[in-house]
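In the two complexes below, chain A is the common chain; its partner is chain B in one and chain C in the other.
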Partner chain A sequence: MLEAAFQKFPTVFAVMKGRNDATRECVALVDPCAEYCILPKVDAFALGYPEAANDDPVTPQDNTITFASADGYGKAALIEMAEVTLGGMSFPRVDFVAFDLPQVTRFDVVIGRSLLKETRLEIDYPAGRLRIGEAGS
Partner chain B sequence: MTKRDKNLQPTKGRVLADDMDRYRLRMKVIREREVCIFYAGEPMYPLIL
Partner chain C sequence: MRLPFRDPMLVMARVEGERGTARELSAAIDFNYGYCVVLREDATQLGFPRAANLHTDEWRDHPEDTPWFTSMRGIDRGIKVTFPKVSVGPLVAKNVETVVLEQEHPRFVVADFVLGRSFLKNFKLTLELKKGYLSLD
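Presenting the complex of A and B:
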């Protein structure tokens, strides 16, 4: 179980371990409305997913997906992160979309439904408390 | 990281680099195998979401 305080947006540090065993730990927005977890393309590249850096619209990679957002449709690489750790909890093989969120949002990483479906999530906005536990807890 | 709280959230560590720009920061730490990005940058104007 992880319990953290937040002010405006529920956030948590997420440790992402790639297929090359490198790790990146980032502040992540906990967003149950996002279908997939999201990380910047540059981090996906550093974690051993070079296909995430392919921006060629003529010959897209096999793992390119089309997504819908408030800005309309977009394309991004869907990758499988080897492991994600939140506090003391580890989750293997988590789907991520390699996509650059605008820097002004102050979030590099989003934890979405592709990971949250494995957890019990409580967000207490009035108290500014976030609790994440494993599904069986 | 050199210090974490009871939830294993990072609270203290050795600073390798800092930059407001996400990409310049990544270039500064590209050779590191393990990195914690402590802040994701502050906006230049008040953020309203």
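Presenting the complex of A and C:
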């Protein structure tokens, strides 16, 4: 169970472990509207996913997906993060897309439904409290 | 109020405007959009004729009503209107700040209205994807 206070946006502190056992820690936006989790390409590369760096439109990687967002259609590499830790909870093999969000959003990482499907999420907007527990808890 | 989770999360919202006008609109719930969003035509018919202006024109006379805000698209700006009442089933929020989109939604967005944080801030949200529901209390 993870409980956190938030002011404007519901956020959590996330630790991501890649397939080369490197880790990245960040404050991540919790967004149930996002189908996948999102992280910047440079971090995906550093975590052992070099295919995230391929932006060749002629010869895309096999794991390149096309997605629809508020900004139109886009393409990004779909990668499987070895492990994501939120508080005391660990989630193995979480799908992420390697995609650079606009800088003005002030978030690099988004926790989307590819992870939240394993959880029970409570966002209490009036109280500014966020709670994430195991599904069924 | 418990709703089956869908992607996108669409509900019917009743939006009450000025002088007793009201419309039932197909609305998408967006957990991290700062404002609610309404289309220009709907805002005009709901009693806000200035919604028909361009925000660049409106800004000259009413800069306080044309806020900048950030979204996953980047930096946006729109004319702000305040609906006296927005309801989804038994859930009612009063004085809901809403921005008028300068351009219409892209065609792949199938909603006429976005329920953002200016509406959701009044409620507690629980999401459990494995059980396939979203509840708002």
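As a working rule, the second predicted complex is superposed on the first by the 136 of 137 C-alpha atoms of A that agree within 3 Å, B and C clash if a C-alpha of one lies under 4 Å from a C-alpha of the other, contacts with A are read in each partner's own complex, and residues count from 1 in each chain.
By our rule, a contact is a pair of C-beta atoms (placed from the backbone, for glycine too) under 8 Å apart; a residue touches a chain by one contact, two chains touch by 3 or more.
Here the structure is a predicted model, which means the values were calculated and not measured.
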| item | value |
| --- | --- |
| Touched partner set for A:88, first chain B, second chain C, both or neither | first |
| Touching partner for A:135 - first (chain B), second (chain C), both, neither | second |
| Which superposed partner A:113 touches (first chain B, second chain C, both, neither) | second |
| Partner chain in contact with A:22 - chain B first, chain C second, else both or neither | first |
| Touched partner set for A:121, first chain B, second chain C, both or neither | second |
| Touching partner for A:33 - first (chain B), second (chain C), both, neither | second |
| Which of chain B and chain C A:42 touches, first, second, both or neither | first |
| Contact breadth on chain A, by residue count: chain C or chain B | C |
| Touched partner set for A:62, first chain B, second chain C, both or neither | neither |
| Intersection of chain A interface sets (partners chain B, chain C) | 104-106 |
| Parts of chain C lying in touch with chain A, wherever the complex brings them together | 7-9, 29-32, 34, 70-75, 106, 108-109, 117, 120-131, 134 |
| Interface residues, chain B side, partner chain A - complex | 1, 7-10, 21-23, 26, 30, 33-45, 47, 49 |
| Touching residues (chain side chain A, partner chain B) in the complex | 2-4, 12-13, 21-27, 40, 42-43, 46, 87-88, 100, 103-108 |
| Footprint of chain C on chain A - complex, ascending | 8-10, 29-33, 35, 68-72, 101-102, 104-106, 113, 116-127, 135-136 |
